[in-house]
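There are structures below to look over.
Common to both upcoming complexes is subunit A, partnered first by subunit B, then by subunit C.
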Partner chain A sequence: MIERIALFVLFLLGFAVIVGHKNVVKKIFGLNIINNAAVILFVLEGAKVGNQAPILTTGAAVAGAAAGSAGGSGGAVAGAVAQMSGEVTPVALAPAAGTVDSACAAIAEASGAGPGAAAGLTGDLAGNVAEGANSLANLGAFSVVDPVPQALMLTAIVIGVCITALALALAFRLYKATGTFDIDEMYRRIHHEP
Partner chain B sequence: MTPRRVFSALWSILPLVISLVAVGAILIPIFLESTPWPVEARNHLEDQGVAESGAQNLVSAVYLGYRAFDTLGETIVLLVAVSGTIGIIARAKGALAKGFDREDKGSPVPAVALAAGTTSLSAPPPRLRRAKTRTDLLEVVTGKLGPVVLVFGFYVMLYGHLSPGGGFQGGVVIASGIVFLALGGKEGASTRLTEAGVLARLEAMAFFFLVLAAFLGMFMGSGFFTNFLAGVGLPSVGFIILLNIIIGLKVGAGIGFMGIAMLSRVEGAKGEEVNHD
Partner chain C sequence: MSPDRFIFGVVMLPLLGAAIAFIAKAFGRDRWTKGLEYLGAFVGLGLPWVVMVATLPLVLEGGALEGVVGLWNPAVGIFYRFDGLAWMVNLLGFSVAGAAWIYSLGSGPKGPAFTAVFLIQTSALAATSMTADIFNLFVCLEVMGIASYVLIASSDKPGSFLAAFSYLMVSGTAMVFFLLGIYGFYRLTGYLSYQGIATGLASLPNFGGVTGILSLALITAAVAIRVAIMPLYGWLPDSHALAPHPVSAVLSGVLIKTPLFALSRVLLLLPLGAQAGELMGYAGAITALVAVVIALAQKDSKRLLAYHTVSQIGYVVAAWGAAIAVGVHTSLGALLMAGAFLHALFHALFKGLLFLSVGTATDTAGERNVYQLRGAGRILGRAGERFPVTTLTFFVAALAITAMPPMNGFASKTFLTYGLKGTWQYSLLFAASLGTMASFIKLSRIFWPPKKSTLTEPVETNPDKPMDPVHPARKIAQGLLALACIGTGLGAPALFALTTELFSSGPRAAGTTLGALARAPQLYSVDTLQTTLWILIGGIMVFLGAGTPWGSGLLRVVRERPRSFRGLFVSFSLGVAGLSAWLLFI
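This part shows the complex of A and B:
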């Protein structure tokens, strides 16, 4: 909420620069400020629906999210099981346990149980973790931000740069023709010259 | 202050206040809206974006895959803006035809004197003018940093399919690298990348290749601007990299050209240096 009010104030500031100043170059930069406020508003709104950058490094964020949540919850369960069985050796699960199977193997290893218990643990844990991962993915806990506003604002920024350059070229031409940047003085010189 | 002065001061800022209140009243519903952002596009892109367009960077997938036609239109806008800027700046010699030849503060060079080839102001010769603006600070910061910024621009442009970046971002950094080189380079030791002719040809060639890449999809049988590399057997991310390179060169050359023109290094219609101030 506070960001939107700040952007609103920024937009009004840019508009005040356009209306209030007499210098042509300052008016052009007021336009630039308005452009920036609109761009930031778009990107900010698009970033409210997720919390990761829109770059999928493993090919599918859902599979990556499921693996990540499986590894994370496997590590938490392994820590709980190790504590309950009295083990105090730390279980280094974080980077290695990318899948449910390796997490369960590490749990079985840490608790010292046999392979049969590990298989039973795997079946139980796999079902629970997959279900949890699915519900997490549906909730969007590991989802990316919306990339569509960012793609739109890319072109908007580049077009803003080009239009600012064009407007500054026009201001330069006006200066060459009338000798001033002040619009009131320009008006006087254009209309009162013989 | 007398009441009359207070009143006239308030009266002079009244249009500003009224316009601000009017714009604020129109924009308040936009900035304080509370409807939730629709997530259908994001969900679809997260599921199918890589498979359908070939890019892991979903932003690149949007503006180079799903909405590539929009990107073509944006490059046309850039072309028009660059042509307009060059046309206005580099041909400013004829703008003094109205005869504003006063000598008060901020006045331009007199039109009559400029047309006659001699100036009545004590303007130094062009070579001395150029050297006077090239201070030590500018030479160290921009001249030495120019190649570094250029390399960073090429990295951002080429790596845009895997990390934040791409054609537009890399192109703008390349343009700033070109302006750095032009600002800080020595008189005769600059690269050819800061010459106006090279940049103009580079931009035109990049635009031609962009249109060619768009039509290649049609020749391969998939449609305008589609990713045809998957059908040929190459990895489909290659199309994204190719488009990133083309767009990066186009944007870099275009905006660099505008920067060079504003540094008054572009020759006018008659082949001589114009606007020495």
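This part shows the complex of A and C:
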């Protein structure tokens, strides 16, 4: 929870800089800050499932793919973990409800209960969430992070870099044209010239 | 070869063309550079038409190509869907982009780098129209945005740098909010594809509660920035007025509509999407009227056109939102959606033409002020335009935007308002069309013969200045678009039938197509012609009223209202808050 609050404060800080600061370069900093806050939020969410690097061995990748086609991304993780824990159970192919939380539940099923409990997976989602959270603590080394948010955020970071570079280039051209970095002054000088 | 093998041609061919154009930059010699650049443009803007023609039979049957890009497994892959909607949006994009590129040969920035960025933008348009994955939509919108910031700035004026910078900052910030919306949906459902999110949300109690609503509001508001409806339009007038003319044509014609139709995919699937669409429709109707009042107050001819873009997109969004609110699988919804799309398509044609012809006239005369420039036709004649292409094409486009028969604007506005008849949005749109008429009477004054007494015409006072002859590429592009305006106007009923047919692909009611559900309203009836007459009379009254001291005083207040960078963000925050509140309490 404390991380969430810190990120929220970071986000507000960046937004305040964009809106409140007159200097265009600082505005670009602000845009970077809110972008990074969003990126960290995503990565944080992915790390809730587990904290190991999501590197799959060959066999696990196949199992993960099979599980993935049955369910959502949650399924992919669940499948991979099921393979890592050494027992390929029907759980990997169960129609996972597709949430990150249901992935937790699936992990719990795979490592703990075994094939018998597989039917429980399709049950109430809320139940799964609680169950998943409880058994997650016992999993230890078998828990990997959800790789999807990480992949998404790599893309988002690249886009952020492009936007920053372009914004800085524009700020430089504006400075050459108007001789100031103050946004209000720029508006005044440009719109009052014919 | 099955269509799903080459369907990505509409996205990849422009990218390939961009690559070729970039390679052209490496050649020092002029002839090679030109040849490669033209080859790139042909690959990027010409060859996709082959794909379009090849897929037409499929989409006409109501079929759709869908699947996962690159045959990845669906858990991590990106979903796409190429259906009638995507086909129509691509038609819009490639026709206007092609004409604008031809025009760019005769004016403004050109060269391999310009062509390459232009093609990247076209590619992003095509990708946006067919994506069915929310994160991919984010990427497509960002690529489209980055290309358009560069293109706006390419006119090399300080004002255009400032416009591009403001647009970049507000749209970049909005896209971070979009990312937060994606976060919310991913957290709730674990999916990124539209279909997955929709089923995931439907299985949750209360559709995901506050998180679901906030995510939807953030995504919708971020896209609405690109569409430029009230109150999120603040970035548009500067960037469209100061961009090079062909870029203005594409920005106004295509770039603001593609996100709208991409958003309709999301809103039609998600729970509460109908309510979000409804509010956007209301905002659209208000936009149509308010923007036209501001347009009437403008002095700069291109800025006047830019505010008209906001106003016309208001028309489109009003019908689009109403269609989403009732659902496109009802006959009213299908009628409204087809009307909205046709107006978007026709607006792309006539507004593109307006930007190009007004651009030609003002460039030749060296004056953009509506109050100063007179006798543009004669100036163009002296610049070697023996047949008055520019004057004629301007009047074709002006008649189209003011909804005079038999131009295409008349047809689409009739279809669109027919579906809204009896609602309060209809009266707003009617009032807006009076304003449109008035402001185009005002703009057409640049072609009126000059007053004998005035010496304000800069070219008249400086007869020794050599005139640049109008480049033939400009005339070709204008001529093509003008023919398209008249042709689509005459063929509007057939196009309407085609549009409803194409939109019907996807899950439809058993046995019925939407083409059968939605009857095209009678185009030339006593009723519609009477409305046109009222618009004409009312428009002239408004025009005369605006000329009185009281009217011009009011317009000066509107024109000189304070505008600031901060205002863009305040209005965005208000937009998000308003939309969230609407969705929470409805």
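We take it that the second predicted complex is superposed on the first by the 106 of 194 C-alpha atoms of A that agree within 3 Å, B and C clash if a C-alpha of one lies under 4 Å from a C-alpha of the other, contacts with A are read in each partner's own complex, and residues count from 1 in each chain.
Everything below uses one rule, namely that a residue touches a chain if its C-beta (ideal position, glycine included) is under 8 Å from a C-beta of that chain, and two chains touch if they have at least 3 such contacts.
Keep in mind that this is a model prediction, so the values were computed, not measured.
In the superposed pair of complexes, A:V17 makes contact with neither subunit B nor subunit C. Of the two partner chains placed around the shared chain by superposition, subunit C is the only one that A:Y187 touches, whereas subunit B remains out of contact. Contacts of A:A177 after superposition: both subunit B and subunit C are touched. In the superposition on chain A, contact of A:I159 is made with both subunit B and subunit C.
Using the contact criterion defined above for the overlaid structures, shared-chain residue A:N35 touches subunit C, although it does not reach subunit B.
In the superposed pair of complexes, A:V144 makes contact with subunit B only, with no contact to subunit C.
Shared contact residues of subunit A, touching subunit B in one structure and subunit C in the other: 15, 19-20, 41, 45, 147-148, 151-152, 155, 159, 162-163, 166, 170, 173, 177-178.
For subunit A in complex with subunit B, the touching residues are 4-5, 7-8, 11-12, 15-16, 19-20, 41, 45-46, 48-50, 53-57, 59-62, 140, 143-148, 150-152, 154-155, 157-159, 161-163, 165-166, 168-170, 172-173, 175-181, 189, 193. Subunit B makes touch with subunit A in their complex at residues 13, 15-16, 19-20, 23-24, 27-28, 31-32, 37, 39, 41-43, 45-47, 49-50, 56-59, 61-63, 67, 70-71, 74, 77-78, 81-82, 84-85, 88-89, 92, 95-96, 98, 100, 102, 104, 106-108, 162-164, 166, 168-169, 171-172, 251, 254-255, 258, 261-262, 275. Across the complex, subunit C meets subunit A through its residues 73-76, 135, 138-139, 142, 146, 149-150, 153, 158-159, 161-162, 164-165, 168-169, 172-173, 176, 179-180, 182-183, 186-192, 196, 200, 203-204, 563-566, 569-570. Those residues of subunit A that touch subunit C in the complex are listed here as 15, 18-20, 24, 27-28, 31, 34-35, 38, 41-42, 45, 64-65, 67-69, 71-76, 97-103, 125, 147-149, 151-152, 155-156, 159, 162-163, 166-167, 170-171, 173-174, 177-178, 183-184, 186-187, 190-191.
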